[in-house]
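Please see the structure below; I have some questions.
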């Protein structure tokens, strides 16, 4: 059964799925579609209208959780199992896949593409026109920029490829591609493309080596990367099974 | 006609101009003056009283827009066309000119001076006693500091001069002057004054060259700086006309 | 007399001390204990239940002040005179001492230990399992990390010892100990332990010298560190008296 707190405003034009919950003091505007079993916390405002949108609704997939004090504009699309922290701000024209996790204080400026099972930790800034692949990790206080010569009208988004990890407080400069399975160290400033499976660090960032040379800190002396070897928490079983099959293929071919 | 959402609290002592709009769940305290056609979003609290103020009201100029979840203290003054993002926090005793844009998650700690048409992008921290000139750009996650030997009682604000640009994740150390038309690169840590029209980068920041040597990325091979040559979006016509006249004067004198 | 704003929700199971004030549009859940004379601002949500907690209540000590738009989970404990800025987020299982100050936009991720009279300035990120001693200062936009090879299940918190200062935009890498009375410079990335009373800077951070060699900027030419020599604002008289006695002991022994 859908439960709307009596202090909340839900537009009669908004479309709510089954068993949706809307917390206290929240606002759901006209142009919003919420999937089944989705839960919206307190003090959230969803579906703010904007001339920068394409007129399409804000669509949130089934089984999603949006925590308190969060703001979403219309004209963005999220797959199933979206989960946010508190105080997030998401502008228009973003398309994201399933299982997207957005940490507390994150901001997505709009016009971005995000793959499946991407995890932004706290306070990540995603500039307009950013492209993020699948299974990407972005750690706290990372800034993904887009203006090569600020201020200008040439917005060139970054690209973060599948399985890449961008560590805390890194800045990715406009138009840079962070390659698949690569690792950007904490506090790096990345001005050149990062090759796949490599590890970069510094200001400006330089290639330090291959990610596979980095050891885990659990006493095992095993390689920490590719991280899909040992970290599976929160991913669907079928995804993990596919990762395992791919890794066995690599092992057999070497 | 002024529209106050029925869930909002507006003090009878607050002075609202014509055609003001106040969104849901907002609070306007006693010591507030809002200009004509100003719009306040949801979950905002304006005019919080503080013993650190000088007793003067919070004054917001005509045609301003304050977005949701924002907090303003009393004893600050903003010109016309103030525009904020979401979740901003502005303390007391700040004086800003016209056309000030403050991005989502910005914080201004109080006692600051800000010129005309200044743009702070998202999540900028402006420490107490900062001085910002006219037409300045500050990009995401910049920190403008003020304590030379923390913790101390010697707060020495930074100065950012006219037309300067401070790129993402830069830190400006206490008392530093960033010269007019200069550019601080992303992720720089600036411990010395930046000369006018120069470009600095690194930790600690060093002078890399003149800004005029930086090319645009639009295929034109033209100089990106001074940016007033090619970027005019959102500035009043009379301002842009003046910039053009000044640039012609320079061309003729060389 | 306790004052609860008529728009706020306070659970009948929550335990409020004497002379508590709850501002407009705030929510106090069941599992919350608020000390005497504590004041909660607007749009706050306290005591959010979580399966990650240990079932214990959120306990806030006497004479505390929590500012607007802040979020606290259950199962955390704060001593007397807690003071927060706006928009803070505090997760479960944190234990903090007296006089803890948490700036605007700070996030504490949970499972942290914090000593007495610690001051986090604005927008500080405290990762899970961080340990912070007594009288520590953490300046704006500092990130205290915990995952040595992200993503992994080995969360290794940082340790910040008594009287240490971590300046703006520094990152402390997982498991690093920042020694007592040491100073981490602005924008440093700290990958190794910082020895007591030393000053580190850079990316990666290196030891620059002893903190006692840094001079104050007040014209006195006196040493800026240990800062307890000259900075006492906001600390209880008995604490300051103890600092003075310790310093005299050192003077006599040298």
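Chains here go by letter, A, B and C, matching the order in which they are written, and residues are numbered from 1 within each.
Operating definition for what follows: contacts are C-beta pairs under 8 Å (C-beta built on N, C-alpha and C of every residue); 3 or more make two chains touch, one makes a residue touch a chain.
Keep in mind the model is a prediction, meaning the values are calculated, not measured.
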**OP:** Using the contact definition from the top, classify how the chains connect: line, ring, star, complete or other.
**Re:** complete
Original post:
Rotation angle for the CA superposition of subunit A on subunit C, to the nearest 5°?
Top reply: 120
Original post:
At the subunit B/subunit C interface, shared numbers over all numbers used: above half (same) or below half (different)?
Top reply: different
Original post:
Approximately how many whole Å separate the CA-defined centres of subunit B and subunit C?
Top reply: 28
Subject >> Touching two or more other chains - residues of subunit A >> reply: 25, 43, 69, 87, 105, 123, 141, 169, 203
**OP:** Sort out for me which residues of subunit A touch subunit C in the complex.
**Re:** 7, 24-25, 41-43, 68-69, 85-87, 104-105, 119, 122-123, 137, 139-141, 165, 167-169, 186-187, 202-203, 214-218, 224-225, 227, 230-231, 233
**OP:** Going by the contact rule at the top, pick out the subunit B residues touching subunit C in the complex.
**Re:** 7, 9, 25, 27, 43, 45, 69, 71, 87, 89, 105, 107, 109, 123, 125, 127, 141, 143, 145, 147-154, 156, 169, 171, 173-175, 187, 189, 203
